[in-house]
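What follows is a set of notes on a single structure, which appears directly below.
In this document, chain identifiers A, B, C and D correspond to the written order of the chains, with residue numbering beginning at 1 in each.
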Amino acid sequence: MISLDNKRLVELKKEVFEANMALPEAGLVKLTWGNVSVIDRLLGVIVIKPSGVAYDKMKVEDMVVANLAGIPIETNGLTPSSDLLTHTTLYQAFPNIGAVVHTHSKWAVAWAQAKRDIPAYGTTHADTFYGRVPCTRELTDSEVSADYERETGNVIVSTFTERRLDPEATPGVIVSSHGPFTWGKTAKQAVEHSLILDEVADMAFVSEQLAHNLSSIPSFLLNKHYYRKHGENAYYGQK
Amino acid sequence: MISLDNKRLVELKKEVFEANMALPEAGLVKLTWGNVSVIDRLLGVIVIKPSGVAYDKMKVEDMVVANLAGIPIETNGLTPSSDLLTHTTLYQAFPNIGAVVHTHSKWAVAWAQAKRDIPAYGTTHADTFYGRVPCTRELTDSEVSADYERETGNVIVSTFTERRLDPEATPGVIVSSHGPFTWGKTAKQAVEHSLILDEVADMAFVSEQLAHNLSSIPSFLLNKHYYRKHGENAYYGQK
Amino acid sequence: MISLDNKRLVELKKEVFEANMALPEAGLVKLTWGNVSVIDRLLGVIVIKPSGVAYDKMKVEDMVVANLAGIPIETNGLTPSSDLLTHTTLYQAFPNIGAVVHTHSKWAVAWAQAKRDIPAYGTTHADTFYGRVPCTRELTDSEVSADYERETGNVIVSTFTERRLDPEATPGVIVSSHGPFTWGKTAKQAVEHSLILDEVADMAFVSEQLAHNLSSIPSFLLNKHYYRKHGENAYYGQK
Amino acid sequence: MISLDNKRLVELKKEVFEANMALPEAGLVKLTWGNVSVIDRLLGVIVIKPSGVAYDKMKVEDMVVANLAGIPIETNGLTPSSDLLTHTTLYQAFPNIGAVVHTHSKWAVAWAQAKRDIPAYGTTHADTFYGRVPCTRELTDSEVSADYERETGNVIVSTFTERRLDPEATPGVIVSSHGPFTWGKTAKQAVEHSLILDEVADMAFVSEQLAHNLSSIPSFLLNKHYYRKHGENAYYGQK
């Protein structure tokens, strides 16, 4: 037993549990194909879904607590999600994010399998993602063999570094041949970003079928929609 | 507090509330991506959804009352939908409409992103839209920067003016790179037009994939179906 | 009041009502876009859905009784479906059918708008439709103007006559630029045929996208699947 | 009445019943288009769904018991699924499988009608299927005429033999012009494989539309994902 504030841990487990349960409800996850984690940077803990547990059997207390290095410290006897080290890598590199979501949602996976960025074709996209959603390069044989889940995190981080992307303005990515990861301030927001990513992936697919050589929306419209919702001059929503 | 007939305002708020709630139920809206307003031209008021409020939290009394210039006059402490000035512009230009609906429904957005009118390929379309559903031109940088929501209304209106379209016979439009707006006599009818627009957008997409160089339906069939349902010789439905 | 066996009429109305209600439940009908009728050839009556009545308001007693010429004889004050004369024409030409269904289901409409027969690409199709589902020619201007609904029936019938199709072996059709009609022994079976038609229309669309110049299934496989379910040597299902 | 352990038979019937009921719930089966069986190799019995019985009428005791040659031995008066001999053939050839599922799920059928293997384009696929899901050759006229259902099993088995595929590593197949069969240790697992097969068929379709000349995932990634979940070094899920 560790000396953590137990009440706070229960809160975190509840947040992670509810966000995980929201995924199949939103049609983003089938079977056990998804996971959500949150981080409490003060406590130095991450709480994440256990690996491969059916959603209809899962309970709040099954959420696994790990330290920032990915070592489980409170487990209820369960193994954490096998993607835990991808999550820890993202938390380390992106200091302002509070939650990470991974799914195999259909449309985002389809783009990942096509190894293509998702272009910003409209305002639905621009409201949440400031420009295209990047698709990482493929992992190499040695990356996959050595430390697969951590390297998955690394390839995401290096995609953001190399392209000079701000993870707050682009709160998601698709990993080549694999699928989407999204993040946010809270688990709820990270789940919303997963939902939006899948929706814009779907719309972008149809738009491309309807018109060839489609170009991305102009930067002034991208700016308008993104900053209507984000930053100090935002005026969408309630104060 | 203003001296409006309170009972009538409650009726209007209820109408707007119910129409807003119908949108996610019909699969036309995810998260907070939609808004409905109604106008009472005698009272000189518009009632519209508040901005960015979750559907499962929204109450009848949260509907915001504004005057025809878009100035909120009864708000329950809430900001009106950020698209309010698009709605007021439409009400001003189209004197016979009583309600406006905006969504980011998938199929209509996909055509908007492809920057294409939706052709009238069949009777499902012709039953409601007398000819193609127009896609506006793109807004310019200065239009977006200056007064974005009002200019969105203006580009819709000028599309109808330039193409000599009757907003009663074509009760909807798609705004380039953005998405659909529809209207009707009542909020319920405007919502139905949103649903129909998305459905015919879907069907038209599939038809184009099935047959290249498809032509629109002949005008005699368009006329037959439209006037079977509309105007003094209509014989569809009950008296 | 006419001297019909009232108990039998109530049975027929119930059959028609339930079949109509099954359409939106199966996702085949939105709003009021569909209708089912049944015929009792001994009594000389057709019972059909009223025109344009919302499904959630519709009651058993609203089903309209008409004679074989399409003249309403018991109406509960309601107008019958505007497509009634299409139904009467089909009943007259196809003496072995007991029920007719019309919908604007998405995939069947998409093929109708593409003005293409739906090829028999697999056993799902062959289990119910003995060969391609025909798409009629387009109606002419004078046919549409003169007696539109009856001519819609006529063009279906002439499609079957000209192509020497057996309406029992091909229990459905798509009308060019319009949508599907199906039929069966009972209302329930006719509704099932609508569902199957839409499903095979969907599958055929995807198959064509996956492989160009796809050919229909060989006749020995078509025969096997069709006759496994139909005729005196059928062995699918229970006796 | 036969001298089988009745309690064990009831267990098997319950397993088959529940797995059958899971198919329409998962959207994999419409009407009566599917069947599940399990085998008890010690008892020498197969339990399978009755033929053409509506899901909402079906009861546990309607599940038909047959011997390994496909001869019904406890039937509750019902005929077994017409596909029984396909199931027996698979059980005979694949000694480690405990359950078989057949559906006409949309996406898998679409690939079967296109007569194409489903390529392994991503990790969603690789988590369950170790490489492409094979599509059989078409059956010949004489195979269809002589002993159709058994020959369907035979063409599946010869596909696995000729391509040197391990039925445990590739727990499913699509039969040309027909549809998918999957298998597993238990009925529940075989149903999951049906669901996964349809999902990866859907994703692969979209990916191909998004990028031409797409190649399968590299073997090191295929190996990683497959063996993360299967075999003695698996680390996905709970022990």
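The rule is short, and it goes like this: contacts are C-beta pairs under 8 Å (C-beta built on N, C-alpha and C of every residue); 3 or more make two chains touch, one makes a residue touch a chain.
Values in this document were obtained by computation on a predicted structure and should not be read as measured data.
Enquirer: Could you pull out the chain whose C-alpha mean position is farthest off from that of subunit C?
Expert: A
Enquirer: Where subunit A and subunit B touch, do the two copies share over half of their residue numbers, giving same, or under half, giving different?
Expert: Under half of the interface numbering overlaps between copies: different.
Enquirer: Quick one: subunit B and subunit C, Cα centre-to-centre, how many Å?
Expert: 33
Enquirer: Averaging only over C-alpha atoms, locate the centres of subunit A and subunit C and give their separation in whole Å.
Expert: A distance of 47 Å separates the two centres.
Enquirer: List, in ascending order, every residue of subunit D touching at least 2 other chains.
Expert: 209
Enquirer: Using the touch rule from the top of the page, what pairs of chains touch, sorted by label?
Expert: According to the stated criterion, the contacting chain pairs are A-B, A-D, B-C, C-D.
Enquirer: Going by the contact rule set out above, which residues of subunit D touch subunit A in the complex?
Expert: Against subunit A, subunit D makes touches at 121-124, 192, 195-196, 199, 202-204, 206-207, 209-211, 214, 217-218, 220-221, 224, 228, 235-239.
Enquirer: Under the definition above, what is the set of subunit B residues touching subunit A in their complex?
Expert: The touching residues are 30-33, 50-53, 78-79, 82, 104, 106-107, 109-116, 138-139, 141, 144-145, 148, 177-179, 205, 208-209.
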